[in-house]
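Structures for review follow.
In the two complexes below, chain A is the common chain; its partner is chain B in one and chain C in the other.
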Partner chain A sequence: MDLFIVTSISMILFAIGLYGIMTSNIGIKMLISIEILINAAMLNLVAVAINFSSVDPLILALFVIAIAAAESVIGISLLTAIYRKYGKVSLSLLREIRW
Partner chain B sequence: MNIFSSITYTLHAATQASIYYYPLIFLGIVAFVMLALGIRNIDRKVFAGITFAAVLISMIMILLDPYDEVVVGNNALLFNRFTMFFAVILIISVLYIIFPAIRGLKSKPEIFYATLLFVLIGMLVSAFSYNLIIIFVSFEAVSLGTYVLAGYGKQKRHLEASAKYFFTGTIGTAFTVFGLSFFYTATGTFSLTSEVISSSPAMLIALIFLLIGFGFKLAIFPMHQWAIDAYDGTENSVSAFLSTGTKILAFMILIKIFLVGFAGDYHDIFLLFVILSVFSMTYANLAALSQNNLKRLLAYSSVAQAGYLILVIALVGYTGIGNVAYVAIAAGMFYSLVYIFMKGGSFLAMNLVNRESVSVSDVAGLARKSPVTALSFAILLMGLAGIPFTGGFTAKYYLFLSLIEGNLWWLAVIAILNSAISVFYYFRVIMFMFWKEPTSEDHFNLTAYSKAPVIASAVIMVALFFFFYLLPTLNGMAPGLFATMGGI
Partner chain C sequence: MNKKAAFSVTLIFIIVFLYEVVQITGSKYVFTTQSQVISQISTGLFNSYLLPFELISMILVGSIIGVLYIAGRND
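Our next item is the complex of A and B:
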């Protein structure tokens, strides 16, 4: 497949993820949007790997999968701690830090 | 056959360089042993002592290594004096938050210190690496660790700071991965060598995405908003670490990626970094002028300091690789060393006040309670402003001198004007300490744990002023940055 088409699709996915982060205040929604962002980048990595018939981007993609999993673990544990304090996971509740 | 021979070559080089891995392996073993010790009910001071000893031993191990240009694999790891210098700086940034952190550790201290050691391992690996995959993975190890450290106390403020840091940080990660894929599209390699001479559209996209991704951690102007809240909300020692360790790490990675990996695209780098640096300095200094919260003031000042730091990248982008570039990089290295002491020390000085959020009027009358501590804090603030007889003056002097040597005198003028603005808000704090009455009597926390790091870093700050003779040594180390580019 043409690299240009796949890159365009991954760009669109990336934009969708950014839109999701900017418009939502709910922690779980933001985590899902971040997963979309990272998966968009990974799609592009795989397309580049096929285009160059090289294995390096695929190695990076494997590492990114592991790192994204670790990131969601930390994110979910953070949201759990927030839920225990506030009773909700809405990030608009976080208003302790003011100037 | 080809793959097989390359694997055997890599293994051969890896065993040759095995002496350089000992500090990393040692730190990892200590971290796991500490996690295992956590099932016994041991005092937190013991854990702090173990961590301090381990980090100190690993620093001595690194300093004792020969460091004569050993390359492992295809630029996967590179051990020379430049990478060693940044490794030692990053170790120092971890080393002196260990004991001040004790105050905030209510439960499970072993997890805090083990996480700190894992973060340090990630920092060291990315200091030594010239391969984007390894840099990315180790940088993410650092980021994941610092998300945990930021939310460690589990109070509302800590959780909010950690959440803001986490969400901006992961967005930065996504940008970095995307930028890396475009970097591969343009160059066909992940190792940082100057293989690309001309600039292409894919290279420009990679430049911008990688700049956004790592700029989030460096907290330069458009990507700085999380940093103000995160430094304000976290424990004092953790905010000291976030504003020194991870910031210097991001600066080092930016130097490596943009000056080595994008060697064919220096013109765009110059334009981008000049704009970002001028905006960071000016915006942060103006915003800090009207701050009443002392930690937020220091956070804004660290955004401004990041603006000074990336002047180095702009200058090298302007002049190209040569003697002026080496002087600029040496100035940046010295600035990083001084920055760790002055910024870390002034964030640790927040431990002197027994309040959750420290405002400027809270330090009023500190000079009457403890003159030595007040004087030390004043020296650190004067270092941040760049006033003589502190290391901050020497660092700024060499930075601006290298700018003038590179014919960027107008940029030097902007930077000097910004330092002049910054003097106002630093001196406001000093004025409150020395000439105002205290608001209440018993809100100062003048124990040895809070006083010692401030006094120690002030002494080092004054000592660094006289380290003029360090500059030729750093000048000799600076060409090590371009070691992978084949003898330029």
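Our next item is the complex of A and C:
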């Protein structure tokens, strides 16, 4: 496989995540879009790392996975708190913490 | 939710990224699989990247405690 193909797949994934995070109003959908964005960036990183036969970006990818897990957990907990307060998960309810 | 604006922004992103990718790679590189990558990863993870490894564990513990504080309380 060429680097161009893998980078194109990464680009398509990033575009899907970007469109999803810009058009959604639901919290779970936004979290899934953020995960797609992170996975696209990580796929690009790993592709370039394998292309230049370097190992350090692969270790960085492991750290990115851990950070993404922590971020997703925090997002889910925030959505749980929102659900307990309002009874549904819609980010348009949070007008107080918007700027 | 303005879907047209989001679609146009995504389209602009795709155009810019595709231009950059075509310009950078030029489709001349070929994947070269390296043997013993796993052992190199583990060696790097426990030698030169030991401090970020431990910091990641601290971050995970902190996130667990924060999540239990946020989602576990009963108002």
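Definition applied: the second predicted complex is superposed on the first by the 96 of 99 C-alpha atoms of A that agree within 3 Å, B and C clash if a C-alpha of one lies under 4 Å from a C-alpha of the other, contacts with A are read in each partner's own complex, and residues count from 1 in each chain.
Quick note on the criterion: a contact is a pair of C-beta atoms (placed from the backbone, for glycine too) under 8 Å apart; a residue touches a chain by one contact, two chains touch by 3 or more.
Note that the structure is predicted; figures quoted are calculated from it, not measured.
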First, second, both or neither for A:4, with chain B first and chain C second: second
Which of chain B and chain C A:42 touches, first, second, both or neither: first
Which of chain B and chain C A:57 touches, first, second, both or neither: first
First (chain B), second (chain C), both or neither touched by A:13: neither
Contacts of A:94 with chain B and chain C, given as first, second, both or neither: first
Touched partner set for A:78, first chain B, second chain C, both or neither: both
Contacts of A:30 with chain B and chain C, given as first, second, both or neither: first
Overlap of chain C and chain B interfaces on chain A (superposed complexes): 3, 7, 14, 18, 51, 56, 59, 63, 67, 70, 74, 78, 81, 85
Touching residues (chain side chain A, partner chain C) in the complex: 1-4, 7-8, 11, 14-15, 18-19, 22-25, 50-51, 53, 55-56, 58-59, 62-63, 66-67, 69-70, 73-74, 76-78, 80-81, 84-85
In the complex with chain A, residue positions of chain C that touch it: 1, 3, 5-7, 9-10, 13-14, 17-18, 21-22, 25, 27, 29-34, 37, 40-41, 44-45, 49, 52, 56, 59-60, 63-64, 66-67, 70-71, 75
Chain A contact footprint on chain B (complex, rising order): 132-133, 136-137, 140, 144, 147-148, 151, 154, 156-157, 159-164, 166-167, 170-171, 173-174, 177-178, 180-182, 184-185, 188-190, 229, 232-233, 291-293, 296, 357
Residue ranges of chain A touching chain B (in the complex, touch as defined): 3, 7, 10, 14, 17-18, 21, 27, 30, 34, 37-38, 40-42, 44-45, 48, 51-52, 54, 56-57, 59-60, 63-64, 67, 70-71, 74-75, 78, 81-82, 85, 91, 94-97, 99
